[in-house]
Each structure stands twice: as structure tokens, then as C-alpha cells.
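Below, subunit A partners subunit B and then partners subunit C, in two separate complexes.
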Partner chain A sequence: MSLGGGISVPGGDPPGEAVASPQASVAAAPEPARSLSALVRAALVERNGSRVVLSAIAAVVAFALGAVALVANGISPWAAYSALFSGSFGSAQSLASTAVQTAPLLVASLAVGISFRAGVFNIGAGGQLGVGALAAGIVGGYVHLGTGVELLAMAAASLVAGGLWAAVPGLLKAYTGANEVITTLMLTYVAADLIDYAVTGPAKASGAINQTPQLAGSALLPTLVGNTQLTAAILVGIALVPLVWLLLFRTTYGMRLRMVGLNPGTAAAAGFSVRRVGVSVLALSGALAGLAGMLEVSGVLGSVPQNMSLQVGYTAIVVALLGNNGPAGILLASVFLGALTAGSTTMQSAVGVSGPFVVFLEGIMIGSVVGMPAIARGLARRRRGEARAAGAR
Partner chain B sequence: MSAEAVVTSGIATTLELSTPIVFGGLGGVLSERSGVLNIALEGTMLVGAFGYFAGAAATGTVIGGIVLAVAAATSGALVLAWLAIHANADQVIAGMAVNLIASGLTDFLYQAIYGVSGTAPVPGMGPVGIPLLDKIPVVGPSLFDQSLLTYLALLAVPAVSFWLFRTRAGLHVLAVGERPEAADSAGLGVYKIRYLSVAASGVACGLGGAFILTQVSSFSSDMTAGVGYIALAAVIFGNWRPRGVLVAAVLFGAFEALQSILQSLGVSVPYDLLLAVPYLVTIVAVSGFVGRVRAPQADGVPYVRS
Partner chain C sequence: MRELQLVGIDKRFPPGVRACADVTLTIRAGEVLAVLGENGAGKTTLMRIAAGVTRPDRGSVVKDGSRLALGSPRDAISHGIGMVHQHFMLIPRLSVAENVVLGFEGGSRLLDRSTLRRSVESFSEQVGLRVDAGRLVEELAVGEQQRVEILRALYRGAEVLILDEPTAVLTPTETDGLFRVVREMASAGKAIVFISHKLHEISQVADRVVILRNGELVAERPPTTPLGELAALMVGRPVEVPTRSGTAASESVALELAGACSHGAPGLDSVSMVVGRGEIVGVAGVDGNGQVALEEVLAGIRQLSGGTLSLVGEAPERTSPTTMRRLGLVRIPSERHRDGIVAPASVWENLVMFDLHRLGFARGGALRVRAARRRAEQLVEEYGIRCGSIDQSVGELSGGNQQKVVIARELAADPSVVVAAQPTRGLDVGATAGVHRALLEHRERGRAVVLISADLDEICQLSDRVYVMYEGRVSGTAAPSERERIGRLMAGVAA
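Here is the complex of A and B:
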């Protein structure tokens, strides 16, 4: 049939996990001495290549389509992209703002990556981040403790809030079979409503503005470089990268988690409780996302506002996919997307378009990561078909 | 306000708030009944809203707006369809991709095209009374004095229901969404039916997005503001049935209407917590605490022809 002639996938590939599956990560490492075209081919057609290459191609596709959209609206892509670059890496100030944007994103993406590794689709990191931020904002705004202790209390509150928020879908999945995609997604909106309720009512600071009290002194993460917004949040994020790596690859729990992600049936046969791993992974993922919320409140925003943006939760999915759910890849990808977000402000003043354009690029990137292999395999098959036809003649 | 006025405005507001949920929900039913999980309803409706704005701004007519709304939303839905059907992409990720592209692109285009100069409001669609019926006390001004799109949404529910469960084409959609292998061996074009179903969901979302825009006559960033996710909730709460979607949409719309009426009467209610009710009841519904809902068996599963 005409439409169905398309894509065939090797039998072992479980449906529904074509790209997000952790299986991609166990593919053999690419041999060092290969040409660029071979690398591209491996990443797109043979599905055993490096994920870095696939992610890089996705970024190129996004910038190319972005350029088309810019030109179509009479904006010079060169002007736009050079402003984007100078706003993210061009000066010490822009580097600092890249780091500021990266910190919460990195932690939220590690949270998403851990859950994807276990085959659990936590797409509600935004909501967990939101309740974590709210908990940290309330503790920091109303409970006054000494230097250091205050920040620890805020971090603990955000971890617990995010962890409990995500444990609910975990328990529902384990005991009622409720799909975590739906429950985590719906809970993100509940979290947004809860934040608005809290900051307009019970947790509202005195004054006209609907927000939690402005954090001050010991409730703020220390600034690293004077005259910039750069706080210790980025250090927390960077410190978590090796910790998550150790957890995933050097502990029994991490091995169980990855086995459940690779093949729940085998994991169950080996005597692991898939249920328990599923619940604990969601709780862990939610706790980390909650911590990302604390970093955002204490390191960037200074208080929890009404209509707080939970977009980071969706960007974290993009980061986790580009970074192939591994800590190192996630670090790279979060710096990349953090830089785009930071640079978009400069792009705004240079060419008049900003944040939304970056969201558009993010969408193209994940669309490309999941869609490009199909295009490439289709082209490869057509070329083989033509070669056969030529040979037959 | 008199009691009569309260009831009248309550019913009218409920219907108004339910209309985009019904359109989005019908779109979700069509797509998911064919086996394509659709969390892109939000993005598709947003594209529809922008399409209406651009079309109505360019032509100065309501028809121009609706045509472009439907065309734009259908193209958005086809991106999801291609990723889900041909690229075998994970359908959750594919839906996220469409939502992000929709959110970014509509806002970017709005800034780029209209941002500097701004535009006058585009023609909207006011309520149209149905002659005679709108003279009936209470139900007249509430039920029979609505936007044409609201009447269309209400008529579409039995129409889609009949088509899906009582016609050959509709049963083909159901077969493809439940047992694609069997449907394929019976000679049905699984891919074609899924493409058409997702395209139809785009048409419905386009109308839903257009309705949202006709109520305010100007575009703003992410203006669907979660209605697409409420529509997804209505699909699930409504057990993947058009009539169930209508019940859920009216219920969800009534919660919001109730809040605004209580507020106008000076009763203080935790407004934001009431807004969370649709999401919470959906979580309860998928957890099977009140009569389990059941998704089409192949919902979200790419079909690979062997």
C-alpha cells in the first residue's frame, strides 16, 4: 500500500519506545575513525550511531528551519543568530546569564532523564518543579533560620514536596494501572492552580503583589560573581551530574532501574519488584524536579509569583531526549538550551523576536530527533531500490 | 441579580466555556479511536486560534478566519500524524513536539507580523438567537442565543457519535484503533485511516481554536491556556465517546461558570482550586475509582506492518 510501504523496524524494537527508549544507549560505542558521512549514516539510518550526532543534526535542522521562518518574515537570520550567540556566550555577563538559565533546567532534566531511563514517562516535571518552588518559597519566606540551615531547610522542603507530588502518579500506576503520562500531565495543571491559590491566599506576602514574601539574606543562594545574577545554583546542578551518574551506573538500585527500563519482564523474572522501582523512580524524579524549583526561587526569581512559568518542565524533556537520558549528555544539552534561552533576550532587542522563537526551535529539535531516522531510512531504501533497478537493467 | 438572571447567565456561560472543550474533545476521540494518542490537542487548537486571527485579519471576514483556522490546525495535526504513523515516533514525544512548535511558532509569527504596528481587533462571532426559541424564558436566552460555533459543537456530538458507531467508515476507525493487525488483514488501510482520523481531529481543533479567538477578537501568546489539556481530560473522563466528551465538557464548563457566578454574587471561593477540578476528576477516572475508563487498545501504539 502506498502509505504503508514506509517504515519497517527491526523486530526487536518494542513499539512505542522507538527513540525515547533507553535501548539506544546500550548500542555499541562508535568506532573512532569514521568519516562524518558514516557517522551521520549510523545515527540516522542504522540506529546504532552516536546520539550526539543525531542531536547535533536535530539542532542544525532546527536552526535551518528557524532561518527559513526568519527570512519569511523579513528578519535576517544572521543578525538573529549572532545576537543569540552574543547574548549567551559573547561576554562574561552573557555567560553568567547562560549559567543562570542552565541551573534549574539541568536539575529538572536530570530528573526527567532518570525516569525515562526506567521506562517511566514523567512528563510533569514542571508541576513537581512548581510545588518544590512553592515549598521552598514558603519556608524561605516565613521560617527564618540561620545561614546555611535556611537553605538546607528550603532544599529539604522542595525535595519532599516534589517527591510526594510525583509519588502520587507512581502509586496510582503501581496499584491501579493509571497511565503516568496522563496523571503527571494533569498534575502539572493542578500544581499551577495550587501555586496561584497559595500566592493569592494563604501564602501571600503582605503588600499589593500576589507572590510569596521576597526572599532575603540567608534564604538566597550566594552570588558567585558580583554584578551578575550568577548564584551557587549552577554549582548544585553541576555537582548532581556525577552523583546521578554514580546512582545510575554504580549502584544496585541504578542497575535495577535501568533493567526495568530495558525490559520489565526480565527484571521481574530476575526478582525485582517492578512496581517498587516504578514508584521510587517517580518519587526520586519528582524530588529532583522539586529541587530545581528551589534553585529557581532562591537563585533566580527571589519569590514565587502568580502564574509562575512551568515551561522548564517541558524544556527538560527536550534536554533529556537530546542528551539521551545520560547525565553527561544532559549536562551538554542543558547548557545548549540554557544558552538559547539566555540569548533570546539579546535577540529580542536586536531583531524583535525572542522567547517564542526558541520554543519553536525546541519543538523542531525533538520532532527531528524522533522523525529524522524515518526520513533517512526511507531515503536509504529508495536509493537501494534505485540501485537494484539500475542493476537489473 | 434575580434568580432567573443567575440561572440564565450560568447556563449561557457554561455552554460558552464548554464549546472549545467539546471541539477539542471530539478531535481527541477521532484521533485516539484510530490509535493515535493525541496530547497535541492544545497545540493544534492554538494553531487554529492563530489561523482564525490571521485569516480574519487578512480578509476582514469571519469565513476567512474559519477557513484558515481549519487549514492551519489540520496541517498541525498532520505533523503529529506523520511523526506517529510514518516515523513510528513515540506519540507522547511527538505530541510534545507539536505543542512546542505551535506555542513557539504562533507567538513568533504574531510578534513578527503584527507585533510592531499591532492590529485592530478582527471580526468575532457574537451570539445569534434562534427565532422564537430564544423568546422562551430562561432557556431561550441561555440555550438559544449562542455563537453559531456553539450550535455546531452541540450538533457535532450526535453526528460524530452516529458516524463512529453506526457507519461503516466509523467502524473501520474503531477496528484500526483496537486491532490494527486484524484490520489490516481484513484489507483496511491502517495508515490511511489513521491519517484521515488525525486530520479530522485537526479540523475539530481548528474550529475549537477559532471559537476561542472569536470570543476575544485578538490573539495573545498561548491563549488556549490549557483548554486543550482539559479537552484531553474530557476525552478520558468521557471514556473516548462523543457523548461522554459532551458530558465532561459541560461539567468542566459548569465548574468554571459556577465560580464566576459565585464571585459576582460576592461569595468568596478558592477560584484557583476550583479550576483544578477537571484535572483531578480525570486522575480519578484513569485510576478507575469510579467505573474504569478504557482506552482504545492500540491507542498510542505505532502500527508496523510486518
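Here is the complex of A and C:
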């Protein structure tokens, strides 16, 4: 079971290596996780108005460094990037494929964004997406209900599975202080193994292929445009954007969540339970990520395969960062990264640049979004150090 | 050395803050010069420039007619200019002697402890600053640590000694001791610069007073100048000092602690305290003597490990911030940034977040944003919070206005008990008067106020009665007029 190409987690070793040598992972885990957590915290907790600019700069930096890499390999960046563009926005077909890629990414990113808003760093959306997909695949494959009801049952199963999966690190954090960055990330590997176990054993469809049963029509999301893979999944994603906004800014829970994320001390003084918010937001985030898994299974894959890619869970971190954890920003950023993923196929066939190149771009973007303000803040701090002297006069 | 001159010092900090604006100042050997000003007036920056910590944009430091190139504090000390900062720069795990000589050990890398200790001790005798050179700094009281800082500066050959708000951390007794030391050093020919914003100290210690306001040197006065005049010079307009009127209104009890104990370092050790309606009860004490434990116990954050707490007749079994608020006790926290505000969030969110349910801004799970914002607008108006709009983030406001946000939120509900912990720490004279007025008005409405403060002036000015805390216990009670007695109790001396 692989987690898809290179995994773009900011800082630290690629987790893929940690899996390859469990011993090394034990020793190495806290170190990358701490810096990762610190970096993520630094980028997320401070809000500033110029975030759109920052994200745009990050994208430009990524494309520029990508161009350097392409040139170094004797490939024309122009040819590569125009293939990337035409594969994502160049035709109705490619637009549809961008939308297909965007749908689960958008939902998973909203999930990640919500947790980041509360100062809880759910890095394991991939795992929650995986168990959500598995739950949906099993319900859709083995429990046959009427049209509509079937889909609702699958959605409910994915929400519950993802929510429970993420509640575990939530409770561990609340009652033992275990760092959720590590636990959510590690549970992703457990989720991956669980899927492999299920699709090769108890949930395996009859036949030679290791997967859950092919979903029947009533378990598939309706196609929106004939002759494309574009399904109602994208509508679910878009509908969730205002819902998440309402949750964050128009409910008391949303206010508690945001205040806990911005200043747990004052939130506690106001009588908000930081612990309860932490557990519930992880469960909520996991439930949404689980739903993203259902959208993948029911909208694109048609069954849960062995070696299902959980990459979307990591890309969602990039999207949440680029989108500044706000629903509107996340919508924009997920379309952008959805387009990159969609276009990468065309790029591969046109100029022979393989798909993980896009993951490389994502890595640079996350590095830039996190690193540039960190450097800027470092510089500002040196100036502020003197200014504080002025403030203490 | 005869004199040290600061000539035409200019310093700006981004964004556009002019910390020093063409300041020219002479510091003379054998005198104590007080540099007086509000927070943010430029006092510390100016003196950091003299001590080589900060570089000026323009201007120069001149010693006996020759211009000094000050690139670092080390340069400054080599010219005999030393500074004792507000936050001590000592290494707790090293001994006094090691701290004193650190960085100035001479040629040898190997330190012989006993020789070192003897030489530092004899030096301390010589300059009249007694220390036990062998003790670890972490074992020392704050006043003793300060003496080590001063000793270190002298050991390095300081002829000009700059003390930045040196009394902020001291008990009244320690303060008196410091003043004696300062006077002695001046008569021994040192030049002493005494940075302060506490007016009453000036007359006790200074030979000359300069007043800074918004980075400019606005006046020079003799120390005998009336305090009102000095205050007006500091603020730039006459300052009215709010005062208590009449005696406590009623005898009925609002809050009572009986034998209250709580864990912590220090926690509470059998604290008993009665607070009546219509009175301000001061809790005096040097920082770190259990005030934080008291504050947190009253706010419902920390549980009692023994004893009882009763509030308007009720004695809640387990307390929480929510239960205490429901019973009518609110808190103005000592750590404003940690517990009082959410700096990145907006003014309106900060004004309503504590009382969403009580004020009816929660309908089902929905937040009634419009009603909440209307409420916030009212509070901004009523309490004179200066902000661009209620959508501005609280972190962008001045310290005084941030505290107004806290006070507006807490007092608007007309709670029966307010726990005000260090409510004016870091605020300027104007903002301080505003906070005091709000607390006095609350008292006049027949409500109770617990004023926990390390500022003895504040305690004596506002309180009807005073409890003094020392090492987690109430070391005694006093009337606000018994300033000396309070001072002795603060130092743990039986009074």
C-alpha cells in the first residue's frame, strides 16, 4: 500500500521513509513533527490581510523553481506549463477533469482548514478520507438501498467513520497530551493498512481483483455532464463552502472554535472548554475528510481499490495554507491545485514530465507560504526587538 | 569623568514611531538625574542609546568633550557607562561572584572559585554593596539580584550607572535600601540616571528631573516640583487623580474566603478574607507571593485544596470561570494578553465573547451577530474605547484601550464582585486614572472590588481596607493610610 507519489508534508522527512523502517520512524518522528508543528503553527495562528498576495507569491515561486528543474532536465518550461494549463482549463473536457479533481480536495481542505482554525493540526486527513472511503465502499457495495437513500447511507457511513477515526487523536490529545500532529499522521498509515486488509480480506469483492465490490448505479453520484467523469461531487463541495463559513462565523460553536485557536487562555477564561473544542473539532474535521473519501469512491473510483491514494489528504494541507483556512480562500486554492493535478496528466503525455512533479510544486508552495512569512517575521522581530525597547521606555 | 552628554539624539522605530526626537541632555558626575515619562515616552530608548544597546539614527554621545563610538554595550562599559535593565540579565545557576565577573574574568580562562569569591566580596565591601558572593543567584530575592546587577556594573568600572525603573520589582523596604545605595554612589562621584514613571520617588532620590514626552525632552525641573505639575508635564495636560469618597457603604458580605488553600508555587496557605459590598479591598504584596493563585482561585480557574470560598452566600462545590461569572464574579486578569483578550480577533468579538448566552446572543447554536455588534458599539461609545471600528483587531489598539475593552466587557454586566488584578500595569497615567475611576464608580454602586496590585500607591489610593500577602499567606491587614506598616508586611516582617 502506498500513499501516492512523494508526500508533500512541510519540513521533515517524507513519511514514506518512516514506514519503510519503523525503527527509524520512532527515533525520527518527534523531530520532524516538532519543526513541522512549529512551522504550521507559525503560519496559521497569525492572520494578516496580505495572505492572498502571499499565496500568489508562493505559486509564482513554485512555478519559477519548477521551471528551473524542468530546464535542468532539458524540458521546455513553456511547453510543460502550457500542457499543464490546457490539461486543466483548455477545453470543456479538461475543465471537467479539473472539477473532478477539485471536489474531494475541496471537502478535505475545508476539513483541514476547520481544524487549523481551532489551533488543532489535523495532518491526517488522508487517513480519515481513507476510512471514510472504505466505509462508503462497504455500505455501497454490500448494503443495497433505494436510489438517494443509498447515497445518503454511504455519506453517513463516511462521516461517522472519518469522525471516529479523528476523534481518537482528539481524545488522546485531550486526556494524555499526545501531539495531534504525530497521532493524526501516524493513524494515516494505520488507515492505509486497514484498507489493504479490508479489500484483500473481509470486504473483498468476488473475483480476482483486490477491491470492494463495484458500486451499482444507485451508489454512484449522478454524472452532471455526459461523456465526462464530472459528477455531483463538485456540487457537494461547493455547497459546503457557505456552510462552513456559517459554522465558523455565524454560530457560537464557530466563535468558540476560532477563539480557542487564536488564544486558548482567554477562551478558557471565557468559559470555553479548550479540551472539548479540541476533541469535537477533530471529530468534525475527520467527518468532513471522511465525506471527501465517499466523494472519491462514489464519484470517481467506483470501488475502494488496494493501494488507494491518500495523497488528497496531504494536498489539502497545502490548500488550507494557501487559502488561509478560510472557506472562500480554500475554494480558490482547491480549484488551483485541482487544476494542477488534472493538468499533470496532459503534461505527462505531452512532454513526459511525470505526475509527481505537481507534488514537487505543492511542496515548494507550502514551503514558501510557511517559510516566507517566517523569514519575514524573523527580520521583523529583529526590528521589533529594538521597537520593544522603545515600547518599554 | 565630569559629565556625559547626549547631543541631538534622534531615533525612529518602524512604523513611524519617533522614540527620541532631537534630545540633548547632560549627565553630571556626583548627581542623581531622574528621567521621568509615561510608558512609551522614550526614556528607555534614550538610555539604551547611552549604554550602547541601541544605535541612534542621529546624534552623539559625548564624554568630557570627546565623542564616543558606541557599537555595543561592551564599548559603553569600556567608557564607564553601565546599565541595569528592567529585566535582570543574570544567570540563575551561577554564583553571585561568577555573575559579577562574567565576561570580565581577565586573561585566565580558569576560574579559581575561592579567589574569585574573595575578590568579589572585598570589592562589594569597598563600594558598600554587601552581597554573599558564594550564593547562587537563583536563591536570591529580587532586591538582592538587583544589587548584584549594580555591583556587576560597578565592577566593570561604571562611572555612569543607568537604572531602568529599578523600583518596579522592589518592596518598599528594598526601595528605601536602593535609594540609600544610589545616594551613596552619587556622593562617591558616580553619575546616576534613574528612569521612572513614579512621581513620588523622584523627590526622594533625585537632584534633578528631566521629563520626556513623545520622545521629546519637554522640561527640566528641581525634584521639589509639586507632583501635580510633574504629572501634567508627563501627560501633556492636567491630570485629575480619582479618589475614594466616604466610607464603605454596607456591612453585608459579598465574598468570603475561609482558610483557603491551593497548590502552587506559591499557592495559597490558609487565606481568610472578607469582602463587603460597596468596598474596595486591596491585596498588596510584592509579585510572586500568591497573588496569582488568589486571582485564579477567585476566577474559578484553580480549585481550592482546602478551606472554603463563598460568593454572595453560595459556596460552589467545584468552581469554573462559568460558575463564578454566573454567581456575579468577574475578573480583570493580570495577564491581559494571555487571559483577557484575543488579540487577533476583532473588538466586537472580544467585547461579547464572554457572555454570549447571558446576553442572548446565542439563539440555538446560532450567533446573533447583529445584536452582538450593536452591543459592542454601545460599549465602545460608553467606555470611550478608541478604535477605528469594532472590526479592528484588539491587538492593534494601545495597551490602555485594550484594557478598556476588558473593563467594558467585565463591568458592563454590573457584577457583584470584580477581581481586578494588576489592572493598571503597563498603562500610562491617563489610562490609569480611567481604570481607577471605573473601579471607584463600581464601588459607589454598592458593588465589591478586590484590587490585587503590587503597586502600593494604587492600593493606598483606592482601597477601603488592605490585606497584605507574603509567601502565599495573609501576613496582615492594614488601613490604606498605614503605608509603612503595609511595607513591612510586604517584606514579611511582623508588624
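Keep in mind that, in the parts below, the second predicted complex is superposed on the first by the 324 of 393 C-alpha atoms of A that agree within 3 Å, B and C clash if a C-alpha of one lies under 4 Å from a C-alpha of the other, contacts with A are read in each partner's own complex, and residues count from 1 in each chain.
In the analysis below, a residue touches a chain if its C-beta (ideal position, glycine included) is under 8 Å from a C-beta of that chain, and two chains touch if they have at least 3 such contacts.
Computed from a prediction, not measured in an experiment: that's the story for all the values here.
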item	value
Touching partner for A:224 - first (subunit B), second (subunit C), both, neither	neither
Partner chain(s) touched by A:205 [first = subunit B, second = subunit C, both, neither]	neither
Touch count on subunit A, higher of subunit B and subunit C	B
First, second, both or neither for A:262, with subunit B first and subunit C second	second
First (subunit B), second (subunit C), both or neither touched by A:253	second
Partner chain in contact with A:271 - subunit B first, subunit C second, else both or neither	second
Which of subunit B and subunit C A:67 touches, first, second, both or neither	neither
Touching partner for A:332 - first (subunit B), second (subunit C), both, neither	neither
Which of subunit B and subunit C A:238 touches, first, second, both or neither	neither
Contact set on subunit A toward subunit B in their complex	1, 3-4, 6-9, 11, 15-20, 69, 73-75, 121, 123, 172, 176-179, 181-183, 185-187, 189-190, 193-194, 196-197, 200-201, 314, 317-318, 321, 352-364, 366-367, 369-371, 373-375
Subunit A partner contacts - residues on subunit C that touch it in the complex	11, 13-14, 17, 19, 37, 39-46, 48, 53-54, 86, 212, 299, 301, 320-322, 325, 331, 333, 335, 338-345, 349, 353-354, 356-357, 361-362, 365-367, 369
Interface residues, subunit B side, partner subunit A - complex	39, 79, 82-83, 85-94, 96-109, 111-113, 115-116, 189-192, 195, 221, 226, 229, 232-233, 236, 270-273, 275-276, 279-280, 282-283, 286-289, 295, 300-302, 304-306
Interfacial residue positions of subunit A with respect to subunit C in the complex	45-47, 249-255, 258-259, 262-263, 265-271, 383, 386-387, 389-393
